[in-house]
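There are structures below to look over.
After this come two complexes, each holding subunit A, first together with subunit B and then together with subunit C.
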Partner chain A sequence: MDLDIRRGEVFCLVGESGCGKTSTGKAILKLVEATDGDILLEMPQEDARTYDEARTRPDDPRSREALDGVRRKYSVTWKENLPWAAGQILIFVLAILAATFLAIFVPSLALGVLRDPFASPWPIIGFCLSIGLILGSVGSLPPTRISRRTRVIVALLTLGSVVIAPVAVLFIHRALTGDTSRFEVGAAMASPWAEDPAAMILGLGLAVSAAGGACALLLDWRERSEGLTGIRMRSIRRRLQLIFQDPYESLNPKQSVYEIISEPLAVNRISRNPEETSASVREALSDVGLRPPEEFIFRFPHELSGGQRQRVSIAAALVLQPDFIVADEPVSMLDVSIRTEILDVMMELRSRRDLTYLFITHDLSLAWVIADRIAVMYLGKIVELGTTEQVIGHPMHPYTKALISVVPSPDPRHKVERIILKGERPDPVDIPSGCRFHPRCPLAFERCGWAAEEVADQLRSLKADGLLAGAGDFEVSEAGTVRVSVGSLSADALVMELNALLSERRDAYLPLKGIAEVRAANGAIELSLHESSEPPLLEIEPGNFVACHLVTQPAPIGPSVTA
Partner chain B sequence: MGTVEVVKVGGVISPFRARAIVVGRRMQDIGLQVFHNKTAMAGLIILIFFTVLAVAAPLIAPYGPLSAVPDVGPLTLPAPGHPFGTNQFGYDIYSQVIWGTQISLLVGVLAAAVASVIGTAVGLVSGFVGGWIDEVIMRFNDVVLSIPWLVLMIVIAARLNYLDLVGIILVIGLTGWSVTARVVRSQVLSLKERMFVERGRMIGSSNTHILLRHIFPNAFPLIFANTILTVAVSILSESVLAFLNLSVKSNVSWGRIIAEAYQHDALTIGMAEWLIVPGLCIVFLVFGFYLFGYALDEILNPRLRRR
Partner chain C sequence: MAALLEVRDLTIEFTTKAGIVHAVEGASFDVERGEALGLAGESGCGKTTTALALMRLLPYNGRIVRGSISFAGRSLVPLEEASMRAIRWKEMSIVFQGAMNSLNPVQRVGRQIAEPIILHEDADSDVALKRAGDLLELVGISRNRLNDYPHEFSGGMRQRVMIAMALACDPKLVIADEPVTALDVMIQAQILDLLERLRRELDLAMILISHDLSVLADTCEQVTIMYAGKTMESGKTMDLFTDPKHPYTQGLVGAFPDIRGPRNMPEAIPGDVPSLISPPSGCVFHPRCKFAFDRCSNAEPELSELAPGRRAACFLYPEVTEVPGRSMPIATR
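And then the complex of A and B:
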């Protein structure tokens, strides 16, 4: 599926439960891993055009290059797949050598320390190196977890390792030998410098390069293994937020409202001091209409009503000042009387903060009220996409029509013929061939993708009703045709009966439309089926896309039943 | 719930203050529920009684735990100065029982704390990280569970010769964490699928943050109630170890008193109190912890019980 959501709009994703709306929303936010495809953020128009163009020619190496360029810039799912450069390989080999060196020499160094701490310079150099390695790995942690201040401290500690190392060596020596006499820290630190300044400078150099090397290596490794997840995703996260469907489940029952709302600020290190945090929390609370904030700030979720909880949920998403919000059925769990209030709050915030919403809902009437554009989804595919006016005013796809027809109307005189869809929603693991909506579509015709199994089922049930009494068994052959074995009637008579049935009843029993030809063959009858394909999502009018054979094909083709 | 007044706070709120207010409100809430729960109160009264006894032992006990009663020989029958008689060294058994409260409580609480800390850490990591780490930890845990803990304790204690107080606490604590680990792990497995964990991810929290701020606080009531019950088990274990002469002679605990009484045929020489009183003390203290623990579990984890 393909969605482009423009900045500042309310985009509605409509569909039945279980059709993949929520998964789509979560994949956009990278809460679930998308199996394939790209999620591109904040892509300007011209890059979007390049991207679309390049995607039509996937085999061209130049377009692949262009695609990778766009993905590297904007995709949240992008993983760098570049070969290692010579410099990186060198660093890697050096790191392995250093680790081997440490593993071999550290025990003997420790023994040396035990006997006489300053007899040789190696213990101190080894210590400097280890401190550098440890600090380097600390320094490579993701930026949101470690503030700039921590990084400065790490850098200073690396430089200070030449000071720390002699003291540490001396401490270990004293601890191991059980020496408890007093000693001068200054003298202890100064003595290695006086005895062997060259070793100390070598130690300093090794510590700094170990720290830098470890840091660079680990950062590189993180980027390779996690893609953008580890490094950039956290900063992107901030700008994308989700409003959860269930306000009862999505708030931690052990946290107060204050903690729920201030947590994003603390986690992302946005506010610098408690004053700022308190102010942001209060502002967010009054923004979503929980006034006065003091009244709510120390309540637990269980002390709030459903509507208030959802407001807290919205406040917690808004406090990060996001640009894009995925609202996953934010009002479906709420009382009808509260829905309007929550929607009002959301829409008001949109105009005030210039938010973009992806609104996921199963309620078409709700989409009609709030959406700028609507996409109707069926079993993981978009079947119709367009502005609200286009989708609701002139629905093209039979599924959209059916959805619109069942929206209750407040005016009892205004009667619409309701289109009730037959059957159950198919199992998403076993998606129907051709158009995935055809088994339930009231307008399905020949090319919609009837499978042999469906046709055979229909014929069996017709036989059970006594319509095809002369036929034997119905079998699905491997070539995708239906074989009818001969029962009480002869093959020719059965062909006649089948043809008659097809011409009379094909509008009542839609699967029969899938039969292209009835042919007698070696004592049985072969029913071959129409060719079918999945309807592509085509632009019918500017900005209005529909995936249906009925729309792309001018009219249903006439009966083509031949004996 | 809901009996606690909503707090209104103005001005600047530091994270510490926010946490303190939340914890305070929760404690107040739980305190009220404990107060209205008869089982919990019965258990609590027993526990308070023994705690007071332990803390005030120097004031209540007429003699030290290891000091002979003057002018009285060993193995004297109960008499006004020494209501339960004296033991084989002429020490006052009444005083010993009172001093024994200290050891039993101390060992019980600290060993349970050790077991809970280890079990919680293992359970949290195992449940939250999952994958092969979980598999390895849980198989190891199965091994620990399938070793008879009493035999293991006896072997460890015998290997180290006589155990001092710290040794006893460590031996009991280190052998008793596997059940806690399992309980915590199962709770973590269910908690990590909850929606608020997903929200934590959404706002950019690290795994450590989610584990410590979202999962641990929600598992804590269960851990706490479980720890109280572990205390009872630890007290029993301590008595068993002391009865089997595996702890230092200077640790006068109820188990040791019973062991000495048993070795000197207290019943046949007419000193039934020597055997029965410390026994009853163990029973009551353990009973108190069980009462309080189960009631607390009911209060803290209402949904778990009802299921």
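And then the complex of A and C:
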């Protein structure tokens, strides 16, 4: 699904339970990982245009580049596409080198210093170099792992230990001993090994553990190289917050109001001292209408009423000064009178703090009064999107129409004909072909995506009702047609009967509309089906999108029934 | 002819450690044959308690202090438990709140529907199972599913099963406590549609309990609004919702957004439901009432008849002229 939410608006996501509303909200907050797609935050219009344009040409390398550029800047789900292999090999080689150096020079250093501190500068220089290599491998970690400042510090330290320290050591050694002869590096290194088996064991141990550390680093990197981690996500996370549905479950009963609200501050390391924390908590509490804050700050959830609890959970979301709040059914568990209070608080905060809401609800009458724009979801897809007046005032999609018609109204004068859909939402594991709503759609027509299995089932049940008594079995062929074997009637008579049935009963038994042609073939009858596709979400009026063949291309297909 | 169910001055108390809870006080209503009565109010206002008292299923610490319940000419309050058992389920049954989650998970649903039939009608299990099949079809489920377990049904289907169970012994009155709460809108519509159809086909009387006025507006003929155990207003659904008299009813009606009305933000009723152990003096609603005046905190208004079949307990009616300088409250819509 594609969705734009504009700054400062209340965007409602509505639909039956299990339609994917909550999953969408969670994916936006990265509480569940999206399988694919982008969640772009604070993208200016020009970039949005670039992005949309580039997305229409996914094969063009230039547009891929443009896409990556936009994603790198705004995407919450961006997966860093650095040349991982090269970087990993670099780190690995550096780390192994460092390990070997350490293994050789640390025992030399230890023994040499013990014996005669000025005998040779090489162990110290080797030690400095290996520390430099370790720092170097840390410094070449990808940008998502370490911040720019850390990288600069590490680079300076690396430079220091690889270049400056060895040179300094050499000069100091020469100054102290007056020795200007060339050193036998190999001999200096080898001597302690030969002299002292203990040093050898120490060296080997160090080498193995350093190599192990390098491998661990490598694996860890592979694992974490996906997506935004650490620093950048943390800064994004505090600006995106969530209000949960049930304040009886979302508040920890063992925490006081103060602890509940101050926890996000501590987790995000925002406030510097207790005074600041306390001031933020108080401000959040009075913002949600729990005044004076002192009266509530030390209470526990069980000492609060339902409405007060939900206010506390809103305060906990607000304390981080977020810009965007996902409110997942924030009032559906509350009593009517409290419900309105909470909505008032939310709407007031929106104007005061310039908040943007993604409001997830199954209650269309609620969406009607609070939403600026609404998206109606069915089985994981948006079927209709537009302003509240467009979607609820003038619904276009049959599903939206049905949903609106069944919403009860507190005014008995406003009775309307209820369009009650049969059955419950299908299993998202087994999504219907064509338009996913067609099996429940009261207006489904030829091109909505009837599958051979549906048509065959309908024919079987008609036979069970005695309507097609002359037919034999109904089978779905591999080519996606329905084969009707001949029963008591001859093939020709059966074709006649089927045609009669189609022309008379198509409106009563909608799956029959899927039949495009009735043909006698090889002693059986073959029913071919209309071609279909999933309806795309198309703009039918400015800002109003509908995914329905009936609305977007209602070209009639006559019953092409031939004998 | 007398009404099927007549409740007069029903008063129920619970004895708890914290004190006596005045759960229901002076509830009076009638349910005619084939009629649906809605009981509405915020949570904790005594709706469910009233329903339990009608079935004589109050928990051990609750008792009917005074008042009468007369069902089909029989008085239920003084009835022995044994005779009550003969009425329960056979004449009057209940679909409990959240009932769809109370099916026995390890028993096939057919067996569960058949159980009351076997117990109450002394039927043998084949007959009872056959009837259970009929009942399932009545509520729109194929009888092939008699042998399924509850987990194989969706929430809406389980609610249908519970309704089938309530209908098992052909009762005259069915009490449905929040029958559609926690269900999806579309399923909600399916269940309400089913209840309406059953009512028509079986000439059932029904008491529908809901906090959602809009559900009642769609289905009931009569509505009683309760608050803190007291009846605030009662009358025909159409009159009550289009021209609510009691400030509490006005508040409740105004608290619901109307998808077919203008896009107004609903209005909140400030404050919380009071404690039923020490309810406010005078009118229980006065601390939250925007029209409250001196008298409201001193004396308790009687439930008085404003028009035929229309009663409200508020000092604003009918003596509204006695309050100088106070305009008539206008309905919020």
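The rule we apply is simple: the second predicted complex is superposed on the first by the 425 of 563 C-alpha atoms of A that agree within 3 Å, B and C clash if a C-alpha of one lies under 4 Å from a C-alpha of the other, contacts with A are read in each partner's own complex, and residues count from 1 in each chain.
The definition used in the following text is that a contact is a pair of C-beta atoms (placed from the backbone, for glycine too) under 8 Å apart; a residue touches a chain by one contact, two chains touch by 3 or more.
This is a predicted model, so every value here is computed, not measured.
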item: Fit or clash between subunit C and subunit B when superposed on subunit A; value: fit
item: First (subunit B), second (subunit C), both or neither touched by A:Glu497; value: neither
item: Which superposed partner A:Asp372 touches (first subunit B, second subunit C, both, neither); value: neither
item: Subunit B versus subunit C as contact partner of A:Asp473, first or second or both or neither; value: neither
item: Partner chain(s) touched by A:Ile404 [first = subunit B, second = subunit C, both, neither]; value: second
item: First (subunit B), second (subunit C), both or neither touched by A:Leu364; value: second
item: Subunit B versus subunit C as contact partner of A:Ala266, first or second or both or neither; value: first
item: Which of subunit B and subunit C A:Ser17 touches, first, second, both or neither; value: second
item: Contacts of A:Pro274 with subunit B and subunit C, given as first, second, both or neither; value: first
item: Gap in Å between nearest CA atoms once subunit C and subunit B share a frame through chain A; value: 10
item: Interface residues of subunit A shared between complexes with subunit B and subunit C; value: none
item: Residue ranges of subunit A touching subunit C (in the complex, touch as defined); value: 16-17, 305, 307, 335-341, 343-344, 347, 362-366, 368-370, 388, 392, 402-404, 406-416, 418, 420-421, 424
item: Footprint of subunit A on subunit B - complex, ascending; value: 1-2, 6-15, 18-19, 21-22, 25-26, 194-196, 198-206, 209, 213-214, 217-218, 220
item: Residue ranges of subunit C touching subunit A (in the complex, touch as defined); value: 42-43, 154, 156-157, 184-190, 192-193, 211-215, 217-218, 237-238, 241-242, 251-253, 255-261, 263-270, 272-273, 333
item: Subunit B-facing residues of subunit A, complex; value: 29, 31, 142, 144-145, 234, 237-238, 241-242, 244, 246, 249-256, 258-259, 262-264, 266-268, 274-275, 277-278, 281, 294-295, 297-300, 302-303, 316-317, 320
